[in-house]
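Shared between the two complexes below is subunit A, which has subunit B as its partner in the first and subunit C in the second.
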Partner chain A sequence: MANRRSARAALALAALGSAQAAQAENAIYQGECNRAYQVQASSTIDKLVMHKKYRAVSLHRFGLDREKECDTDTVTHWTMTETSRSSSQVTFDVIMLDTLIADKPAPCERVKVWNDELYGNVTFTTKLEEKNAICEVFVQADWDMFDAGDPEWSSKFTNRVLMLNAGSMVVAASGPTANEYNSPIAITGVK
Partner chain B sequence: MAAVRIAGAVLALSALATGQTAKAENAIYQGECSRAYQVHASNTVDKLLKYSTYKAASLQRFGTEKERQCDSDTLSVWTLKQTQRSTAEVNFAITLKDIFVAGNTAECQAPYVSSNSVYGTVRFTTKVEQQGELCEVYVLSEWVLNDPVDTKWIGDFTNRVVMLSHGSMVVASSAPSKGAHSTPIAITGVQ
Partner chain C sequence: MAEKISGLWGKAAAVGLCFTATLTGQAAQAQSSFYQGECNRAYSVQDANRIDRLFNKRSYRGVSMHRYDQQVSAACKSDLVMILYLTQSTSTTESVTYKVHQKTVDVGTQPDNCSTLNINNNSITGTVTFSSELIREGDFCTINIWSDWKLSDPVTPSWVGDYSAKLQILNEGAFAVLHPPASGGKFSTPRGFTGFD
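And now, the complex of A and B:
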């Protein structure tokens, strides 16, 4: 069971790790490099990732036969709790819990919680990248995840974060294939 | 039960309707107006929304005492099925199902799916908007939702869409308040 869980989790995390938002939507500034350095200096990560707690959701189908038979999606519930904060980085403990929801009748289970969780941490930083004399400032998330049901499994991945208003954030996912899809991770601050 | 469900839906839709992304991240083009009209003419909405089915997820807490006691969130799974497609607009029928998950598992109910679904439609179009001397081209979504259990209830909201890579999209939500939060809607295409 743990292996199957880990395989699913690895697929989801790989999908999230390999994706980026189109164009420069994920940059908080794009333009002249001197100005970019000013933006990075003033828009420190503790101002951008302002909440101590975040909750998030993502939706996945991993391409398993069982999913097809039952029309099952996995809804992942992410809980992020701050562990450290400075002007250079903000780190959270992360817990991921999966709930499986099926559209077909019995023997398909309408709703089922996956009884083993992924846990780990994520660190947010701001980065400045130069491309052809144009500089981008963006928020980067570095994830380091483990599986409570399989101590041999771990996954590290890094991606850019799209900052929305009011402290919401989005991490893009890769494109769908014939039997698989992954929504972006939609993240909200919690007061 | 239905009253709670509907009150929750009203709050969630209200949060989505008032949310916008920061700056012009939700624009697919921002710049000189004659170019904007060219971008608008060539990037028709049927090219931007290329899938006939989309799935999405969002997460809400509405601020009820029960939610606080149970540390619970509502996870919404959205299914969008295309009903009409042209260069001017793409329309989908929506089914929205809610899953209630509690963090306080010892004292509160195990995850369950709402007994009634919300149905409706969403219409996607592209728009050009002039702001000063600059023009923006963006994707607009117009949502109409209703609840068959309470025919008096209707949820309408209009919002810009953030287009991500691979046909993924995001609809922003409003800021969290004490005890209440709402993620963006994270949307993925389905092949």
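And now, the complex of A and C:
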């Protein structure tokens, strides 16, 4: 069970990491570089990622035969709890749980919670990159995840985070293929 | 972008309340515009990003997670996960419309009297229409992308979901529907969609 779960999670996380190249537009600021430094100085990460706790959800299909047979979606529930905070970085403990939801009748299971889980941490920072005299400021998330049921498995990946309204965020995923997809990770602060 | 929420009842009511809050949260969403800046450029941007080009996928799947301050939700720490299936029905240069089917899953995280898992393949169906708007204020222009949802539930005929919500366009055909801010133990995530051909 744990190995299967880890393999699935690894696929999903790898896909999320590979979405980077397409996300150039997902910046807090793009333009003149002096202004970019001002934006980065004033938009510190502790102001942008303001909540002590976040909840998130994403939808996945990993390309497994059984998913096709049962028309199964995997809903991943993310819980993030703050462990440290400064003006340069904010870190959260992360727990991921999966729910499988099938659209076909028996022998497909209509809905099931996986009993093992991934855990780890995520650190948010702001970054400034210059290309051809154009600067962009963006929020970066660095994830370091482990599997409670498989001590040999771990995954580190980095992606950009798009800031939305009212302290919510979204992590864009890679585009779908014939049998796989990953929705964006939709994140909201919890009071 | 008219708002109409009626027939507040049960789970469907919660959906309605959620998007009432979405509408009131729009003041905070100015940063989620598709474009803000010089107006000549705005017209070029809107022309190059016509709505039928932005929403060119045959279908989308999306998900969001919610907690409402109902007693059972508070006691069981249950999350309400909504999965939405969109299938394109019409597409013009002005708007693109999809049929909507919604599935809801309650996921409780506490044992004993709490239902740990309950799927509701319920009957909420309807349409969503995507469009863009260009707002001009002097020489400053803003382009917003909107979704207009019209949902109904034959099981609860008194309930109608009729609301508008702003979108953030993401990479590779994905997008996120914005949500209201969290308050008092309640929350709603943004609704993240991915598209398929």
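Just so it is clear, the second predicted complex is superposed on the first by the 185 of 191 C-alpha atoms of A that agree within 3 Å, B and C clash if a C-alpha of one lies under 4 Å from a C-alpha of the other, contacts with A are read in each partner's own complex, and residues count from 1 in each chain.
What we mean here is this: contacts are C-beta pairs under 8 Å (C-beta built on N, C-alpha and C of every residue); 3 or more make two chains touch, one makes a residue touch a chain.
Bear in mind the structure is a predicted one, so any value in this text is a computation, not a measurement.
K.L.:
Do subunit B and subunit C fit side by side on subunit A after the overlay, or clash?
P.N.:
In the arrangement built by aligning on subunit A, the partners subunit C and subunit B clash.
K.L.:
Pick one for A:36: touches subunit B only (first), subunit C only (second), both, or neither.
P.N.:
In the superposed model, A:36 contacts neither subunit B nor subunit C.
K.L.:
Looking at A:55 after the superposition, I want to know if it touches subunit B, subunit C, both of them or none. Which is it: first, second, both, neither?
P.N.:
Touch status of A:55: both partners.
K.L.:
Mind working out whether A:181 is in touch with subunit B, subunit C, both or neither, as first, second, both or neither?
P.N.:
Both: A:181 reaches subunit B and subunit C.
K.L.:
Between subunit B and subunit C, whom does A:94 touch in the aligned arrangement: first, second, both, or neither?
P.N.:
Once the two structures are laid over each other on A, A:94 reaches no partner at all.
K.L.:
Take the contacts of subunit A with subunit B and those with subunit C, and give the residues found in both.
P.N.:
Of subunit A, residues 19, 22, 25, 51, 55-59, 73, 75, 77, 99, 101, 110-111, 113, 162-168, 170, 172-176, 181-191 contact subunit B in one complex and subunit C in the other.
K.L.:
For a test of understanding, state which residues of subunit B touch subunit A in their complex under the given definition.
P.N.:
Residues 19-22, 25, 51, 55-59, 61, 73, 75, 77, 97, 99, 101, 103, 110-113, 162-168, 170, 172-179, 181-191 of subunit B touch subunit A in their complex.
K.L.:
Could you pull out which subunit C residues touch subunit A in their complex?
P.N.:
Spelled out, the residues of subunit C in touch with subunit A are 25, 28-29, 31-32, 61-65, 67, 79, 81, 83, 103, 105, 107, 116-117, 119, 168, 170-176, 178-185, 187-196.
K.L.:
Where on subunit A is subunit C touching in the complex?
P.N.:
19, 22-23, 25-26, 51, 55-59, 73, 75, 77, 99, 101, 110-113, 162-168, 170, 172-176, 181-191
K.L.:
Which residues of subunit A touch subunit B in their complex?
P.N.:
19-22, 25, 51, 55-59, 61, 73, 75, 77, 79, 97, 99, 101, 110-111, 113, 162-168, 170, 172-178, 181-191
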